[in-house]
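To start, the structure itself, in structure tokens.
Order as written gives the chain letters A, B, C and D; numbering starts at 1 within each chain.
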Amino acid sequence: MVIVMAAGATASDIQAIVSVVQSAGGEAFVSRGVSRIIIGLVGDVDRFATLNLVGMRGVANVTRISAKFKLVSREHHSQRSSVRVGEVSIGPDTVTLIAGPCAVETPEQTLLAARMAQAAGATLLRGGAFKPRTSPYAFQGLGERGLRILAEVREETGLPIVTEVVGAHDVDMVASYADMLQVGTRNMQNFPLLQAVGSAGKPVMLKRGMNATIEEWLMAAEYIAQRGNLDIVLCERGIRTFETATRNTLDISAVPVAQRLSHLPVVVDPSHSGGRRDLVLPLSRAAIVAGADGLIVDVHPDPDIALCDGPQALVAEDLHVLARTLEDLAGFMGRRLSTQRELLAG
Amino acid sequence: MVIVMAAGATASDIQAIVSVVQSAGGEAFVSRGVSRIIIGLVGDVDRFATLNLVGMRGVANVTRISAKFKLVSREHHSQRSSVRVGEVSIGPDTVTLIAGPCAVETPEQTLLAARMAQAAGATLLRGGAFKPRTSPYAFQGLGERGLRILAEVREETGLPIVTEVVGAHDVDMVASYADMLQVGTRNMQNFPLLQAVGSAGKPVMLKRGMNATIEEWLMAAEYIAQRGNLDIVLCERGIRTFETATRNTLDISAVPVAQRLSHLPVVVDPSHSGGRRDLVLPLSRAAIVAGADGLIVDVHPDPDIALCDGPQALVAEDLHVLARTLEDLAGFMGRRLSTQRELLAG
Amino acid sequence: MVIVMAAGATASDIQAIVSVVQSAGGEAFVSRGVSRIIIGLVGDVDRFATLNLVGMRGVANVTRISAKFKLVSREHHSQRSSVRVGEVSIGPDTVTLIAGPCAVETPEQTLLAARMAQAAGATLLRGGAFKPRTSPYAFQGLGERGLRILAEVREETGLPIVTEVVGAHDVDMVASYADMLQVGTRNMQNFPLLQAVGSAGKPVMLKRGMNATIEEWLMAAEYIAQRGNLDIVLCERGIRTFETATRNTLDISAVPVAQRLSHLPVVVDPSHSGGRRDLVLPLSRAAIVAGADGLIVDVHPDPDIALCDGPQALVAEDLHVLARTLEDLAGFMGRRLSTQRELLAG
Amino acid sequence: MVIVMAAGATASDIQAIVSVVQSAGGEAFVSRGVSRIIIGLVGDVDRFATLNLVGMRGVANVTRISAKFKLVSREHHSQRSSVRVGEVSIGPDTVTLIAGPCAVETPEQTLLAARMAQAAGATLLRGGAFKPRTSPYAFQGLGERGLRILAEVREETGLPIVTEVVGAHDVDMVASYADMLQVGTRNMQNFPLLQAVGSAGKPVMLKRGMNATIEEWLMAAEYIAQRGNLDIVLCERGIRTFETATRNTLDISAVPVAQRLSHLPVVVDPSHSGGRRDLVLPLSRAAIVAGADGLIVDVHPDPDIALCDGPQALVAEDLHVLARTLEDLAGFMGRRLSTQRELLAG
């Protein structure tokens, strides 16, 4: 921690800070400049943070230096992690394709979408039973009935399920069906939910809040990790900017930046980023070569009648192009496409 | 609803849309321009919204015209509403001051802050027992113990309590102590929470999401209203922009804009907007003359040792200046300061 | 300047920095923490800035402490400044109303608008002869012919003229007509233009860039000041955010923040901020009580046929309401409305 | 153009609009819905735009349908264009690498950087002689002396020169040295400059404003095109958002979006987007597979002593990795790396 003193700070202001820091068990080193004085603190930063140093007389600003997140930080864990969902791996050696319908609507639509996804190389099935929607008049998902449909489709296809949970009170119920719990963009700072999924014993996909900094995203992951669950996959899905040509602005830089700061895998959602089918393929390619550990894409057997986000869902032909592309680019990046039974085979 | 056709749209593309709309019980009016064709739809817009018209061949874009929110809209409810919390009114005739500590820390600190608030004309006591914090290593609030402290302070002072609830599962418990439930900025789109507070039988203060448009904010209010609760007060608390000199950017225009779109009262939080004590007074003045129905401000008997947001908390002297200012500006706006017993007196 | 060293920095990394700083005539003070080392520099910060310290081995980050702007800073000039335009003052004692048409269209329209402005208490006439427009197909202004119209209207009314200049090559010509040169939002970082108006011998109104931080705005003012011209008035006119209900988001906090950092006067443009006539009055009130030293508003005798920004122009009735409001709120703020002949009278 | 009428619009309001449109030589088609009336206009949209329809009684909003840009639009020019700079092509068949120092500092540094660039496959040399800098105390470039250095280095290496021009008055002088004129992010809406480069007879690289929408960017290109110059290359260089981990946020989606809307080539600047050397390579890969027609990157023989943007400049080793990568990914995208003498050879 570094304290910069204001222009008019007095000797007694400085002494007061030194005393407060010492009484909190720390040490304070004073450096005097021509027009400014800075004080470097050594000791328990979390304890210093409770001292409200910034409010003391003569203080211009206080900068915290040590990392704000510890468990998910790469600082003390330099090797990048893999997360297993069923027998599927998400991590630095593979490119994992997660695909499925934005919303579970019927058993038939879900199974068709899952077959499409599987034919194209997807090894995990995404599908929403609880849909957080901006308007209360929009389709809100089938709820637990949707989860039962997903479980049946898993039986048929063998694809593990990734599905969203929207409230702490639902975590146990959703976890009884799901292989991986998804926390959506609107819930990235729903802290009771983060704590609940941290205790649920299932891997978690944490979407970045549409207005969250990368640091806040990693702090949200830290909430999950703190409850003992380090099986966390970060998902970049676009941030909100002034640009209106796309639904959100995919922050492609967030992939390498998050991977440098954290050991957790990072996947990209090209469907929600752009909100347009014609952007899914270019954004998917970009994501893989930026270093993403996987993709999560919307597919639908008939997007024209989709109850949710039809305009961005891929159809079968698109998916085959995507699959071939991913295979090529995974190779280029020194990775392989993740397979459904890789752990058994391995 | 208006459909604009793409440049190359064919007669059969148009006929297909007309047929789909008619089969949904609506009517479609086709207007042909030199280079474009537009189709106006009449009928059940919510049903049209399920047709995925934007995905049909030849469609360039689809614009929804009728309001997306109904219950909270001013379109069919032109008179502005008042909301009562205990015996205190928030609405178009008054300026209501809500004040208290950001976080409940101890019975003494809370009572002192409440006395400060009351002496300065506040008629509602704010105070957080559940604190959503970006870092899992920051103080998270006292939980139910904090609510009991608030209830005791209400006994002492007579001030009704406004306090935050952070999860749907906690709503009944928090409602058993609180006079008004606050939904915080990070939870503006926590839909299970919105629905739960909509059913809780207590008035609600809905803070704007730090990245939410005004339309999304009103849609979130519509979620609460849909469960039968129209006692909603909107709270503007700053949005996230590229500017870093302030914690958030107070969107002062949101006050008149939201009041034109909705009949609900709108209050402003000048403390969290700026994140700086020196901005609370100018932003408070600006809020009142922009038409805000009240203010919610952080106060603390000793901000230097506050566990949360000390740098923005007002101290006693500030509060007296604020109180005199509000009285003058309320008069200027043709309002009166709300009083603690106004309903009894009235 | 403070250097924070990375976790693995070695003794020789540190020694290298100390040597580089010393060879640049500075001193470096090393403070060692448990997990980090910081180095405080004393000396010529501008020279340090050329050393690329951040690129040296072992450096995590470098923070500059001393102010980036000097001439416009309040740090060494604690009294707030007034700027005179003709006989009119803009500064801490007054509220100055600047009004006029967005664009000069005809002599009649300009004179009518000026009479409207004057009747309502405006003491400076704004009007654009050079209009920077997003589309090359939109009306671009009358150019020098517009300036001649403005000069004639000044003859008739006695109102000094504020008008925009859009290129360095035009500064002398525009300055030969104008009493105050306006630099628009799109040109806030047009550095040759800033330097040219800095040498033109006329006061300058510097609009904030719609995406500029307050710090960048003050740096742009510093460019003008560096050429010897300190008669600069800052104008907050809204920033670009994700909100679409308003044309821009008025950053009301920028008024007190800029006034704390700089001694220059700050005025607000409520017309371009909101882009809506119905917001001009509430935003004007907010601006004055936030401490603005004046307002600049669009007026038009017949907005329905305005060639530019008609939807935000005030008409005569609005202006009278605005004028009475300003008088009341100026008094509330301990100021008086600026008058056209105040300097003669004073 | 489509006009949506407000809820209470009367028959005479509608008739007034129909009359105004007809008197402007257009036709108006009225469609009546249950709660709304819409009017579709056919005729000269630019003329309609001068009618201020949005200000007429009873109008809720007006939407313009036909494209706002014509000359640079892909609507009437479906084949993507190539732009030639000297003998080098930028367009849909190639990937063109533009590299060089951010700022020209000395003849030696510039020649070394050019040699580095050339060895790595760059076919155009970038280098700034006029540097727009946020602070007036930062290095502002060598001016015309820098241009002479660039011309000498072109003599030595055969690399055509891309260099920035910052004012309309300088265009002829800069064009007398440069092979391609660059308009920087801060000048994207410097309309006199756009018009001047439109008349200068040299190809132009137009950087996106850091806060500009894609539509505004294309409108800025239209300003250049309107003066008769269609040799325009668009350059995405990152936009300003709330994220602070990167200098700007590279809007990777802007590449395919701009290419769908316009026939002009689009290149990406990965150096200024991220502002960090470690992001240049991943962002470069992402740009190519998103469909970019080229890259423009900062290189420096010794970034530690660079006078401008050293932290983002590539050094020799980086450049070789980049070159190999581009070759592979160009092939993957069905393109070839552009060569220095391709037009002679072809």
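Keep this in mind: a contact is a pair of C-beta atoms (placed from the backbone, for glycine too) under 8 Å apart; a residue touches a chain by one contact, two chains touch by 3 or more.
Here is each chain with its UniProt name: A, B, C, D = 3-deoxy-7-phosphoheptulonate synthase.
Nothing here was measured: the structure is a model prediction, and the numbers come from that model.
A.B. asks: If you apply the touch rule, which chains end up adjacent to both chain C and chain D?
C.D. replies: A, B
A.B. asks: Counting C-beta pairs in contact, which chain pair has more, A-C or A-B?
C.D. replies: Between the two chain pairs, A-B has more contacting C-beta pairs.
A.B. asks: With centres defined as the mean C-alpha position, give me the chain B-chain C separation in Å.
C.D. replies: 32
A.B. asks: Please report how many Å separate the Cα centroid of chain A from that of chain C, as a whole number.
C.D. replies: Result: the chain centres lie 40 Å from each other.
A.B. asks: Centroid from C-alpha atoms only, then distance chain A to chain B, rounded to Å. What do you get?
C.D. replies: Their C-alpha centroids are separated by 27 Å.
A.B. asks: Name the residues of chain D that each touch 2 or more other chains.
C.D. replies: 211, 240-242, 244
A.B. asks: In the complex formed with chain D, which residues of chain C make contact?
C.D. replies: 46, 49-50, 52, 54-56, 68-69, 132-140, 166-170, 186-187, 189-193, 209-211, 216, 219, 222-223, 226, 240, 303-307, 310-311
A.B. asks: Using the touch definition from the top, list the residues of chain A that touch chain C in their complex.
C.D. replies: 2, 4, 7, 29, 31-36, 38, 40-43, 60, 63, 65-66, 75, 240-242, 244
A.B. asks: Help me check something: in the complex, which residues belonging to chain A touch chain D?
C.D. replies: Answer in residue numbers: 211, 213-215, 239, 241-246, 249-257, 260, 273-274, 278-279, 282-283, 285-291, 328-329, 332.
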